[in-house]
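Taking it in order: structure first as structure tokens, then the write-up.
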Amino acid sequence: MQKGIGNHVIGDTFDGFMLIKTATKGTASNGKQFLTLFFVDATGEIDAKLWDASKEDVETFTEEKVVKIVGDINEFRGKAQMRIKSIRPAQVTDGVRVSDFLEKSPIDKEMLQEQLMEAIFEMKNPNLQRIVRAFVKKYHEDLFIYPAASKNHHAFVSGLAYHIVTMLKVAKQLCLVYPELNKDLLYAGIILHDIGKLHELTGVVSTSYTMEGTLLGHISLMVTEIKQVADELNIDGEEVVILQHLVLSHHGKAEWGSPKPPLVREAEILHLIDQIDAKVNMLNRALDKTRPGEFTERLFAMDHRSFYKPTFENDE
Amino acid sequence: MQKGIGNHVIGDTFDGFMLIKTATKGTASNGKQFLTLFFVDATGEIDAKLWDASKEDVETFTEEKVVKIVGDINEFRGKAQMRIKSIRPAQVTDGVRVSDFLEKSPIDKEMLQEQLMEAIFEMKNPNLQRIVRAFVKKYHEDLFIYPAASKNHHAFVSGLAYHIVTMLKVAKQLCLVYPELNKDLLYAGIILHDIGKLHELTGVVSTSYTMEGTLLGHISLMVTEIKQVADELNIDGEEVVILQHLVLSHHGKAEWGSPKPPLVREAEILHLIDQIDAKVNMLNRALDKTRPGEFTERLFAMDHRSFYKPTFENDE
Amino acid sequence: MQKGIGNHVIGDTFDGFMLIKTATKGTASNGKQFLTLFFVDATGEIDAKLWDASKEDVETFTEEKVVKIVGDINEFRGKAQMRIKSIRPAQVTDGVRVSDFLEKSPIDKEMLQEQLMEAIFEMKNPNLQRIVRAFVKKYHEDLFIYPAASKNHHAFVSGLAYHIVTMLKVAKQLCLVYPELNKDLLYAGIILHDIGKLHELTGVVSTSYTMEGTLLGHISLMVTEIKQVADELNIDGEEVVILQHLVLSHHGKAEWGSPKPPLVREAEILHLIDQIDAKVNMLNRALDKTRPGEFTERLFAMDHRSFYKPTFENDE
Amino acid sequence: MQKGIGNHVIGDTFDGFMLIKTATKGTASNGKQFLTLFFVDATGEIDAKLWDASKEDVETFTEEKVVKIVGDINEFRGKAQMRIKSIRPAQVTDGVRVSDFLEKSPIDKEMLQEQLMEAIFEMKNPNLQRIVRAFVKKYHEDLFIYPAASKNHHAFVSGLAYHIVTMLKVAKQLCLVYPELNKDLLYAGIILHDIGKLHELTGVVSTSYTMEGTLLGHISLMVTEIKQVADELNIDGEEVVILQHLVLSHHGKAEWGSPKPPLVREAEILHLIDQIDAKVNMLNRALDKTRPGEFTERLFAMDHRSFYKPTFENDE
Amino acid sequence: MQKGIGNHVIGDTFDGFMLIKTATKGTASNGKQFLTLFFVDATGEIDAKLWDASKEDVETFTEEKVVKIVGDINEFRGKAQMRIKSIRPAQVTDGVRVSDFLEKSPIDKEMLQEQLMEAIFEMKNPNLQRIVRAFVKKYHEDLFIYPAASKNHHAFVSGLAYHIVTMLKVAKQLCLVYPELNKDLLYAGIILHDIGKLHELTGVVSTSYTMEGTLLGHISLMVTEIKQVADELNIDGEEVVILQHLVLSHHGKAEWGSPKPPLVREAEILHLIDQIDAKVNMLNRALDKTRPGEFTERLFAMDHRSFYKPTFENDE
Amino acid sequence: MQKGIGNHVIGDTFDGFMLIKTATKGTASNGKQFLTLFFVDATGEIDAKLWDASKEDVETFTEEKVVKIVGDINEFRGKAQMRIKSIRPAQVTDGVRVSDFLEKSPIDKEMLQEQLMEAIFEMKNPNLQRIVRAFVKKYHEDLFIYPAASKNHHAFVSGLAYHIVTMLKVAKQLCLVYPELNKDLLYAGIILHDIGKLHELTGVVSTSYTMEGTLLGHISLMVTEIKQVADELNIDGEEVVILQHLVLSHHGKAEWGSPKPPLVREAEILHLIDQIDAKVNMLNRALDKTRPGEFTERLFAMDHRSFYKPTFENDE
């Protein structure tokens, strides 16, 4: 069976199907056009150059297309880069689908749905539960397929739901250690905190920002929508304002995008759980690509730090 | 006719009516209780001490009461402080009202209303105009009596409306110099930018922050409400998002409370007009109390700067 | 049975025993000396004034003494303050001990010891386990009675051990959600991260900083000592450096006292668990003294924020 | 008539005259030299490559030369770039002048002069007026042709005078809304605030920084010169110091180059008017190149923000 | 012979002459006036209270007066404070002068003058030497009596000249280690860097800031004056601009008051020598008042740090 | 005799030996491999390209090899770059050694050793002297050949010892001006402050960071080792803690890598002497490559500043 790009190293020749994520036209020093293609499959990604690209090539090899490629994997400025030897669009008879080439959540969609429903079922405060249920119903389709971000952490199919479900698990464990925490409030905050991203991001395959998302941000969009949904449900207790506050403050600081810092205990904890899950996810992805005794690449969203992978980790 | 507190200097004896803005109980080193009272009238304000306060005094002299006082004005740590010699609550026969003792806008309520309406009448974009009209109608009562803040700039009766109307005048002039500006958008942003303060502040006399205001802030409250009002009016064009953005970004920077910086030209200009009007207002108030050739007290909201009042200002 | 100071409100008369935490001499405006005493018992604390203090009073009422007091609780600048009516040193026949007046960990010393030992027993990596055992043995006496800080979080008897044990519980739960974490490394880091405080702080009753603690800090002291202990045990694998790194980086950032930021996954997680436990502890203490619907006092170690206590918290 | 470069799009072939703003030599991977030329005309600018440049080419095609070019406009890294097909120096018979190829102020030099003189004529304070007149006379030649900066805002012929005149218009309007402002002082500050740039920048065509400008800056140069000019005019009233202060503080903050922040009301307003005019100018230039519904390129001098151009702007 | 205030400790009774540096009126809780006097003599300083001050007392005991006092030295909030028992103005027959009560430079005025002249004599570059000579001549009177600051470092009679002369000594030594440094330029920069303080500070006894000093700062004043003096001497070589730059940049950073950072090697070194001399001076003053094994008070101008005085310092 | 690379300018042909410091493989746009080689000799350094590199070339021309080259020096993006015409590995018969091609300290190893020993001989405090002696003995071999850094200041053979010896000279001179400084403590701090770099850096030729160095840093490594060495010598006086503190705090601020700021006078001075020597060294290197009247390249470790080299420097 064909191996994915993630299973190839520099020096290999790749022969198989991948999805074009971005395609950019350029002109070489000899005056001829070339294409810079960014390929992905479910196992990884690679930059590639198609030299001497014809006008037809430029029109054919565009974003979101699946292609059959043969190419050599070289090193360029310390990173792998493919030099394409042959390329053609995938055909119906190839039996490949776009969705085969997208990285997916480690837990499948149905399981994520089930685990989310279980958590909602645990909630006792009727106001919080009803608001949460209304949102899950409203965004039933997108909620379980959207990524949590366009890059950095949880940037894969169902990434948003996976992020939510994992945070709920952490919250459940923390409530065992700190029983004074209001679990219902924490659960409601976790489920809703990033749902505004469904408006902020354009989609699942080529994920960029909407105008609305750029000008208002997923936090403000969600604060507004919680009020709308609560009004529709005729709920106006203090829970609504506090829940809006949890969403509003979950980035923790003004300079990180929250106009108010956490001012309710559970808002502070929501922020910390979000940090833990995002950071573990980013670290795991980087460490998976690193050998024991070496450092990861620099992680942009973690202050450009490069992390060391100890050699004794597997001894245990 | 009786002179206000603002017309007295250290060494004078004051004899007249004032409003108690705050009242705080203390215990002196001799074990006896005293009251620290903060008095205001329309001309100014002063701190005062009522030594050896009886239990009855503590119950009588409370916030928002008008009182008749005789007292000596001394200096304490570089500031004027009154030593109360006699004090009694105002009686019906004194013919004084709370509203007589609050500082007021230089332009009266009716005129502010008229000037605001004229500006709205100038607007041509129907979506923006309808949203603005709906808000002015909805908050008709409070909009023309609230202050713009609990302290710093425009902290007086009708201060909010005075701030809006003056900013509209500046906007009108700027549009003459820069005709490319979208005047309708700028007007709409100016009129709505601070209306969320009607929810954030508790009232006109003793102005503090509501729970909702503390946890969400006037900016988020207003972004939410613009969406609600637009929905009620069945308006959903791009104007709604842009107008929300103008309100959202009008503090200019994340660390000043705007989760998004201005990303539309008129949003940037709205921020600058707000700066000009707030700063001129604070500077004028401070310079009015300063003699030519001297420096004002330090102004908290202007980075603790102390401003010089030139001696040649009146030569002109 | 006698109620503690924490069960009294302004207006009450207190009659009982307390411990003097600090005693400061002053001269009143009438030229006479007075003492400012800071009293504590296991339920709370209060500032008090002893007016017209004789020379003998000054010599008698000093730090770490237990005294019998009768006094009125008044309000001074918004805080409770006691006016002492009578005071005398506790006598042998009173049957009171210093330790009765110190706030204690919610879990007793023996249980903390047991829970710590269980965690060490779970560890499989022999190098890490031996280093940890050596430290627990070396500091057997102080480790289970020291506070974790002189103020802010876990500033009570056995506070350090309580902080460690709670963090171990959180770590155990997180390892269930994220099984890829190296639990042994995380446990070792948690147990050792703050032990340097045994050198940094002067003691249990009146907790201040040692010269060594001020000039080097508990982090550097501990990094040095891990190396010493490992040398004595003839351990020099990579575990030693990584464990030093976990301690070195556990404050997360240079400006918070860590000369290196976390550069190993478990170091990042150790930092976050430390944040969670410290913050929950501070928030719980502040919220316990706050009524639903009100805000806590400003919390210095949490960026001077004042937190809201929702009214629906107890509905659940 | 020939269209300017600003009227061409990617894919077009350009055939016409342009001015070389900068010329840089390079060596291609094939070992041959090439020239990177930056062309401008009154309508826009473009980067171009002349491959296989001969030694003669390098000597011929230098800064401030006008050339006749035929070239194809391609896309390179998201920006337009010209591939030169033929190039020759302009000849006398071509009838083109350097000045034809420089972007100019929207208002011509004579009109700027006239408007500036009118403003000076409005001034009543003789000291301020005489100093201002002396400067305008002294720099009569350069003042009306220099740009206000080497890049960012008002980087075109007569940009400095255009910036001054527009700020004077804004000041005039603001004095109508805030009659308490000292108009003479504001006018004098506006006219002189950036004149130091005549020493700081090297010239009109290829604008870089002088040694004096780099080591002292236009602000310090001007503060020094105001004193010199005032001495020559035998003026030494407080106006001189205050005017120096307005220039000194007009960048608003230490980190923006003003060693003292504004400490006089008109200094604060001068800073804000400067902000408004610089920002409107930068925004207009960027928005002119942007289609409604799209975002501008990132603007370096506005914190790298990218601004949205609403689609309803032209509805009005 | 009478001992100075610096030779008294808490508990002592002081009986002697001191100079009033500041006098502030207050009203006690019993309604009577009192004076807070800040006394200095050549050995130290103390705060004092004169209770029940008569109107005549207030008029008699004012700034810059020498008085004869008897008073007890008590402790107040951790600092020494005098309770005045008797006080009278010094009389002609007392034979005391204001200058006897001011702290002086460790090196006398004549010696400072001589050492400064020797340094100037070492200079070889005629332009730099002539400018420096002109300044020393122009400010001959004030230069050798002014302090270098109103507080913090070198805040004593002849403090400015002492600071300059000590920096010249350091510069001379550094030029031995680093002979590539331009000694003439460094000497000139050192001598002129703080002379602007003669305009910025009001005088020797009660040192505050002039209007000119507040609005322009000693750096800008000096940059301006170097140009004036150079013009008068008909010097306009590069030395003038570079020397202005050394003065302009000697605070090192924009946020410390230098609009340009050092951009010439000797400017960088001037900044560092200034740092060394200011810091050693502040540290010595604080450590002189501290016992070995203890920490100094917090030093405002050194980031509020408190320094430790080792016990082995005197072993050597 | 053959001239070094530092004696060649753009346009020259170089013919001689150099050392390969780094070698990086790349693929050109024509699909062929090339090598980017970074050459050094004792006089300077240059980047070079070897186009159409064979597989054998890639294996032959690797780091730390000496090679014989003929190549043309061209300009590429404003910097010199060599185009290699012929290249071969140096042979035994060429009589060249790696050490001939490394930049060396201006003072030779033996002299540095002698000067260091003289300074230690001056010390009187036996504890400090014994610790210092133990370190010099322990690191006798590496101490006199290591650089002080991988780039920036003193990045040459024996750079560390040269940095130490020069700082000792500065300290000696400063102690003449400020005799109150504890010279022994200062000497001990200077000698030990950077010795941790022997563990942090990998070696002399290709200098990078060790894992230990990256995770703990040279400061923490040294603080730990001082304690170990003192224990071995049975020294435990206050000198040990203070000396650890000097090393710990010598970067001056938390954000520069010192978890504690200087809290002892000599620690502050050590930090400043380190600054002076590092900055003079960086400035001299940059100015040596700059012509009078021009600016140096931007210096990364000096806030990216570019320094001016005055034209009158050599007049003296």
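A, B, C, D, E and F are the chain letters, set down in written order, and residue numbers restart from 1 in every chain.
One rule holds for everything that comes next: a contact is a pair of C-beta atoms (placed from the backbone, for glycine too) under 8 Å apart; a residue touches a chain by one contact, two chains touch by 3 or more.
According to UniProt, the chain labels map to these proteins: A, B, C, D, E, F = 3'-5' exoribonuclease.
The structure displayed is predicted, hence computed values, not measured ones.
Visitor: Which chains are shared contacts of chain D (3'-5' exoribonuclease) and chain E (3'-5' exoribonuclease)?
Guide: Under the touch definition, chain D (3'-5' exoribonuclease) and chain E (3'-5' exoribonuclease) have B, F as mutual neighbours.
Visitor: Hey, which chain ends up farthest from chain C (3'-5' exoribonuclease), C-alpha centres compared?
Guide: Between chain C (3'-5' exoribonuclease) and the rest, the longest centre separation is with D.
Visitor: Of the pairs given as B-D, D-E or A-B, which one copies E-F, with over half of its contacts the same by residue number?
Guide: Same contacts by residue number as E-F, out of B-D, D-E or A-B: B-D.
Visitor: Could you grab the centroid distance between chain A (3'-5' exoribonuclease) and chain E (3'-5' exoribonuclease)? Build each centroid from C-alpha atoms only and quote it in angstrom.
Guide: 61
Visitor: Provide the C-alpha centroid distance between chain B (3'-5' exoribonuclease) and chain E (3'-5' exoribonuclease), rounded to the nearest whole angstrom.
Guide: Centre separation, chain B (3'-5' exoribonuclease) to chain E (3'-5' exoribonuclease): 44 Å.
Visitor: Out of chain F (3'-5' exoribonuclease), which residues touch more than one other chain, so two or more?
Guide: In chain F (3'-5' exoribonuclease), the residues touching two or more other chains are 29, 211, 214-215, 238, 242, 263-264, 295, 308.
Visitor: Show me, using the given definition of touch, all chain pairs that touch one another.
Guide: All chain pairs meeting the touch criterion are A-B, A-C, A-D, A-F, B-C, B-D, B-E, C-E, C-F, D-E, D-F, E-F.
Visitor: Looking at the complex, which residues from chain B (3'-5' exoribonuclease) come into contact with chain A (3'-5' exoribonuclease)?
Guide: Listed in rising order, the residues are 211-212, 214-217, 219-220, 223-224, 227-228, 231, 238, 241-242, 244-245, 248, 254-260, 263-264.
Visitor: Which part of chain C (3'-5' exoribonuclease) faces chain A (3'-5' exoribonuclease) closely enough to touch in the complex?
Guide: 124-125, 127, 166, 169-170, 173-174, 176-178, 180-185, 237-239, 242, 261-265, 268-269, 272, 275-276, 279-280, 283-284, 287, 295, 302-303, 305-308, 310-313, 315-316
Visitor: What does chain B (3'-5' exoribonuclease) use to touch chain E (3'-5' exoribonuclease) in their complex?
Guide: Answer in residue numbers: 28-30, 34, 49, 51, 74-78, 81, 83, 293, 295, 308.
Visitor: Which bits of chain E (3'-5' exoribonuclease) are touching chain B (3'-5' exoribonuclease) when the two form their complex?
Guide: Against chain B (3'-5' exoribonuclease), the touching part of chain E (3'-5' exoribonuclease) is residues 24-27, 29, 31, 211, 214-215.
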